[in-house]
Amino acid sequence: MNEYITLSLILFTIGAVGVLVRRNAIVVFMCIELMLNATNLAFVSFSRQHGNLDGQVAAFFVMVVAAAEVVVGLSIIVSIYRTRRSTSVDDASLLKS
Amino acid sequence: MKTLITATDLPPIKAPEIEYALLGPLFIIAGAAVLGVIIEAFWPRATRFWTQVVVAVVGIIAALADTVWVYTDLDKVDADLVARGKVAAEGALSVDGPGVFTWGILLVFGLLSMLLFAERRLEGGMSAFTGRAADAPGSASEAEAIKLRVEHTEVFPLALFALVGMMLFATSNDLLTMFVALEVLSLPLYLLCGLARRRRLLSQEAALKYFLLGAFSSVFFLYGIALAYGYAGSFELSAIDTAVSNRSGSENMLLASIALIAVGLLFKIGAAPFHTWTPDVYQGAPTPVTAFMAAGTKAAAFIALLRVFFVAFGGSQWDWRPMIVAIAIITMFLGAVVSISQTDVKRMLAYSSIAHAGFLLVGFVGAYAGVAGSDRVTSVSSTLFYLTVYGISSIGAFAIVTLVRDSGGETTHLSKWAGLGKKSPWLAGAFALFMLSFAGIPLTGGFIGKWGVFSAAYSGGFWWLVVIGVLVSALAAYFYVRVIVLMFFTDPVGDGPTVAVPSLLTTVVIIIAALGTVGLGIIPGPVLDLAQHAGAFVR
Amino acid sequence: MILTILAATPIAGALILALLPRETGSHLRAKTVALGVSLITLALSLVALAKFDPESGGYQLTSTHEWISAFGAHYAVGVNGIGITLVLLTTVLTPIVLLAAFGDRLPDPRSTNAYFAWMLAVEGLAIGAFSATDAFLFYVLFEATLIPLYFLIGTFGGPNRSYAAVKFLIYNLVGGLLMLAAIVGLYVVSSRQGEASYLLSDLQDLDYSQTTERLLFLGFMAAFAIKAPLFPLHTWLPDAAGQATPGTSVLMVSVVDKIGTFGMIIWCVGLFPEAADWASPVIIVLAVISIVYGALLAIGQDDIRRLIAFTSVSHFGFIILGIFAFTTTSMAGATLYMFNHGLSTAALFLVTGIMIARRGSARISDFGGVQKIAPILSGVLLIAGLSSLSLPGLAPFVSEFLVLAGTFTRSIPAAAVATLGIVLAALYILIMYQRTMTGPLKEGTEGVTDLEPREIAALTPAIVLIIGLGFFPQPMLNAISPAIDTVMSHVGSNGGKSDPAPKSPTIVDAPAEEEGGH
Amino acid sequence: MFDLQWLLIAIPLASGALLLIWGKEADRFGHLIGTAASAASFLFGVVLFAALLGKDAEARSQSTSLFTWIDTGTFHVEMGFTFDQLSGLFVLLITGVGTLIHVYSIGYMEHDPRRRRFFAYLNIFVAAMVTLVLASDYLVLFLGWEGVGLASYLLIGFWQHKPSAAAAAKKAFVVNRVGDIGMALAIMLMFAQFGTSAIHAVNAAAPGAGDGVATALGLLLLLGACGKSAQVPLQSWLLDAMEGPTPVSALIHAATMVTAGVYLVVRSGGVFDSSEAARTAVMIVGLVTLLAGAWIGCAKDDIKKALAGSTMSQIGYMMLAAGLGPAGYPFAIFHLITHGFFKANMFLGAGSVMHGMNDDVDMRHYGALRKAMPITFATFALGYLAIIGFPGFSGFWSKDKIIETAFGENLWVGLGALLGAGVTAFYMTRLMMMTFFGDKRWKDDVHPHESPKVMTYPLIALGALSLLGGLLLVGDWIVEWLEPVVGEGEHHELAIPAIALTGIITLVAASGVALGYFTYGTKPIAAETPADSSVSVFTRAGRHELYGNQINDAVVVRPTTHLTRFLVWLDGKGIDGFVTGLADRLGETSQFLRKPQTGFVRSYALTMFGGVAILVLCLLAVTLA
């Protein structure tokens, strides 16, 4: 059973590291998605462990939310891309200190 | 994979019971939001703006009225501590005193912010939001959009969605609902942040940062939920509470989930070290949106924080209290100190909001639930009052920020504010008033708020934290005072700032905020009693 | 009720001034309105005095209303002998200050209304603080006085005013916030012992654990020790007084700072006698240091206003010494000292302020031989100065001697060192007088003309009071003593000290034994 | 009638206040009001004194309380006065001599634009001085004590435009304040000890309080007395005080105020009788001052300063006598009175001389003035004979008695006093010779002339008094008169008969005169003061007032100045610097803490991630701990 949790943890960490190291906004965003899905894995396996369906339901919720996030996120990223002709998150650093 | 769940074992699905009467305010706001979307689709552009305004305002006012009604007949729950309200919507929401009180203040904040959203006098007949977000800044199409005077009237439904999200957040009784509510309140705000008419680059950058970091934090939040679920086998706060008090399951998993859930919530209230987004977003976002965020998000997130930690994790408060103490101290100190060297009004207010998050945490960490049968100020009631005062004052402050302008729109650099007091004493006086309230000087609401949270902490046995708190508030006072010096005791550079003459909307907001700040300082009794009356959370 | 009206009148006057349309020219309307309001207040305070019964030591003219039920805070006012004395000080000084301030040259004459409005606001808040019998109410008013003074210093002061203003505010705010912690603590203690209440009477009946009592005491004391500058927390005062206008300085030093010493008697000693007794050795030492230190620094100043500020540090040392010596005599002396110091400092600040305005400099070395061209001015300065060095026959002498005599019965070393102060006082006053007034007329000083009728009218009451109270202090002492006796008996019955009896009393002319304090 | 004794104070006080407030209109007649007030006070004094004479011995102490001055806690002081044998004599001396000097001043200050103010100050002085002697409570006495101090401050500095005068005034006040520490502490001690400061109560209770307390009280009072009476070590102000107008020197710094110290000691007889140590201290102070003053008197060429030195010395005699206890008290007072007569006389004479010499005070510019101003000379001569103790003159009786009693107490003290008598004779002779005899040394532009009658009549009156003052001793009248107040002194048997001692004293004085005559009367005197280098070390020391000022500078003034400078530095750099330093640190911290806000979203994410890690870890840590 714990293997699934471990796996989800690993995936989660990979995602997190990805967020920290990658510059491209899209990739960063995908890493977040990866973390979300890692969470889903955790939900499902816990659901299995406890033998109730709440976890699986949660997984569906998360997917929906993820979809919504994609919409919003991409729209923001695209509008920035139009302005800057780049999707590097490091370029957007006018607001500081 | 031991047993497959087959259709035969499925219990008969019975329709969920929804207490429509109790949840009225939520439905009204959601409905208004949806209506707004429909209007976007079908209403003629010419009159769309004002229609949206009317829909939003009327919706909020209606919801407010309903909230009052709901609040007045919340039935008393017999518990060791007085609590009002009940768990509704199949345990998804708990409509209780604190929650409904928060609805009330959120709606008030929303109303005031809507008035700021609707201000069109300052930008020559157009709102503070960009005409067409899709156009690249400075592009021909943008110029054309400006010429055609097109506007994003979607901001109103978006704000309403965010508002309903906040209200859900404050009352959600299980973690899953809380997560959904979190996203519902966040996503519209991400967008709103990017819609500034002036300085669009900054605005978009703010949106991007807010979005990425927000998503990042919400993922941690979500994973925390997962762990909590793994620990307790349920999303319901009360169920988790029982699990915690039975100490069933792995301790470490519980602690990890506490930490991760805390991350998501602390991010929203802007506590260190999860505050980094605050200054950038506050500065970049359109000022009305900043006002809305500053007041609303903080309130909703804080009540959610209290709810989770008191209801679900109350059993293990000896585990998380030290953590929160540390964060409170760091947050207060960092907010107060860094704001000293800020040169931009909006950034300064952002850091001040961080400092206030710290003070609120002081009251929270006292975790003082009061004594049955006595109306002593509790962590919950003091927090509620503080949020009220803080929200009103900061909306007022940001409203004033929208009025101090030069050719390039708002001029937020502090040096431009020199000598404002000589130019327009009343406006500067109002701003000084808000500053003094933030500083917690008596006869302003801020003082009563500080008194409340400190007394909660003291009652909870943290008198030394109170001493630290007062010393830090002295630090904080230092920079609020500097702003006053700048406005009143310094001579303007060059011709000084120009103060745009706003329409009735902004004026009303400022006047209400000022009166509220003073009123809550001199006769806090009524509001305070309301907060007291809210009692504890219903589990 | 009368007290409420008393405090409300100046506030109302301030609001009226704020709403009055700006005038051009001499702003005579605003000035006369302000003066009128302050005179009405004075009259009202005399009415209050008439209603006041000096025989009883308790609180009178009281009125109490629920204010913030959740905090147990009340709107509760009332005065005992100490309170009425200081209320009178406030109402007497304000008209003098305002009349003298008619001539002040402001950086921005358009803000004359604001100038007088703020001054009236200070008066109202101070009266409120002196008559509050609810800890929360007292704290609120105590802190609120900062705002008008802050604007008075920052807007109308000298070139370095904003620095001085910020320094003033932050210093006092730190103290005030520490006191806030203590106020919160009081609430917690009282609500643990039943219904929460901030009423002085209720708080006195609470029983505190020793540690709590001491911590709370320190919280209160921090605020008061900064307000009534006690070494080493005094450095804000010279800067503030050095930048502010004379009127502001008077209100700040003569009136508002008295809230600090007033608070020490009523709140620190009144609420936490045991802790006060516990802390008294340290405080007495600091007070004695303040006396000598302030005097020596006064000698070393070249700026007249800073000099006066440091003399005040020295005098506040005497007051605090008198309070924490815990004898009826010294406490009564300290209370009387508050009044007298208010008068003499007011006279000093105002008359030197006139000099400074006419010379355009506050440096002692810029003056010389003024006596020849402005005899009346120099005469007034001399009397004010002599009262400040507490010459017998002038009001401050009585109070200072009472403080010393009382202290002597408690601690001979403290009294002995403090007595050095009288020599140093002679030095700082007479050196200043010698350098500014005597000798050949210094060039540049010709502009210092003699007092005008208005200025004489403003200063005369102060001078008359200074001389009159030097010979007839008894009326005031009659009002003060009973209150002090109650305080002392409270101290005595709560682990504190009580008056030490004469070692070998004489039968002949034995003083009338006071029942209190034994 | 004695209930009205406060009028003695009220009359001159009222007139003084009136003169100050009235303003310029009163310039024409102000001096007359002042003189009248003083005279009225004198006449009323005479009436009261006569009434006192009419009463029998034990009824001769008439107390009255005007009102309760201070009454709080354990502290009670009546504004009370006592007119008894002692204060009665003083009242007569003060108001009497005072009136004469008022009259004299009318002429002396005639050309001074601020004459009205001068008379106001004189009145205030008289009032304060009378308060001092009438007071029946030490605190009231202190009131008068400081009052005369104020008056002397105002009058020494009367010519304020002269920086030297202003400085001298300040010096006098401050040095007196040093003495006042003693007074103040003494009164506090009385309260702590006896619970009262009423004079007779304290003196009644002093013996019962134990030796230590009595000694402490005595020494503290002595400190006060030293300040007022310019006794060593607080003598330095008196010679500077000669900056004041000469009538002031005569009234305040010769006849009355400076003798207040003696009065204080005698008044506090009860205290001093109960402490041998305190009495000895008084005696020593007196003796030292006696010789020091005489020494200075020998060396000064400034006529007023020479007289001032003599004043010191004569008060030394009184102190010495007072230090001898009840046996000496009457003679201290006796000498005080006679000295009041002849010294005032001589000061006024000196003033008259200066008046004729364009206010030149250097005796080396005088000489042979006896022809130019005969009346001044004649009266001055009477004073001279009195002070050197020419048989029959007032000074002869009083000084003789003191020396006699001194021998009774202790041989060495007696010898010191005797030596003093000789030196006195010497320096007075020197003064006479330099001023009135020899050949004229004054410049051509000076035309010495006799002063107007308004000035000479007081001189004549005082001259007569100097001659006849001795009558008070007829049949030991003054001794018996004062006995109820000061108590009876045990009489020592001397080794040799009193008359022989008198002879010796007279001889010593005569030899002093002779020495003075042969040094200054026979050979011409340089018109310019010889340089310090050319004179004997004794003269040099005398000229520099035995280096009193230098010592004060070294021991008190300079250290204080340095301390002050240091403290000013400390306050600015140290205490305030600490606070402002905190503020600066705060700014730096702020600048430092804003660095992490780089603007890079990824670094923000990193901070958050770090935060998460920390949270998890510290939670786990807490539970593990």
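Worth pointing out:
Letters A, B, C and D name the chains as they come in the text, with residue numbers starting at 1 for each one.
Here is the rule we go by: a contact is a pair of C-beta atoms (placed from the backbone, for glycine too) under 8 Å apart; a residue touches a chain by one contact, two chains touch by 3 or more.
Please read all numbers here as calculations on a predicted model, not as lab measurements.
Of all chains shown, the one whose average CA position lies nearest the global CA mean is C. Mean C-alpha position of chain B lies 79 Å from that of chain D. One simple way to say how far apart two chains are is to compare their mean CA positions; for chain B and chain C this gives 45 Å.
Distance between chain centres (mean CA atoms), chain C to chain D: 36 Å. Distance from the chain A centre to the chain D centre is 97 Å, each centre being the mean of its Cα atoms. Within chain A, the positions touching two or more other chains are listed as 19, 28, 89, 92-96. Residue positions of chain B touching 2 or more other chains: 208-209, 212, 216, 279-280, 478.
The multi-chain contact residues of chain C, meaning those touching 2 or more other chains, do not exist; every residue touches at most one other chain.
Listed by label, the pairs of touching chains are A-B, A-D, B-C, B-D, C-D. Per the touch definition, chain B reaches chain A in the complex via residues 5, 133-137, 176, 179-180, 183, 187, 190-191, 194, 200-202, 204-209, 211-212, 215-216, 219, 222-223, 225-227, 229-230, 233-235, 279-280, 283-284.
Remark: chain C residues 67-71, 108, 139-141, 143-144, 146-147, 150-151, 154-155, 161-162, 165-166, 169-170, 173-174, 177-178, 180-181, 183-185, 187-188, 191, 195-196, 215 touch chain B in the complex. Residue ranges of chain D in contact with chain A, taken from their complex: 594-595, 597-602, 605-606, 609.
Those residues of chain A whose C-beta lies close enough to touch chain B in the complex are 5, 8, 12, 15, 19, 25, 28-29, 32, 35-36, 38-39, 42-43, 46-47, 49-50, 52-55, 57-58, 61-62, 65, 68-69, 72-73, 75-77, 79-80, 82-83, 89, 92-96. Within the complex formed with chain B, the residues of chain D that make contact are 583, 586-587, 589-591, 593-594, 596-597, 599, 601, 603-605, 607-608, 610-612, 614-616, 618-620, 622-623.
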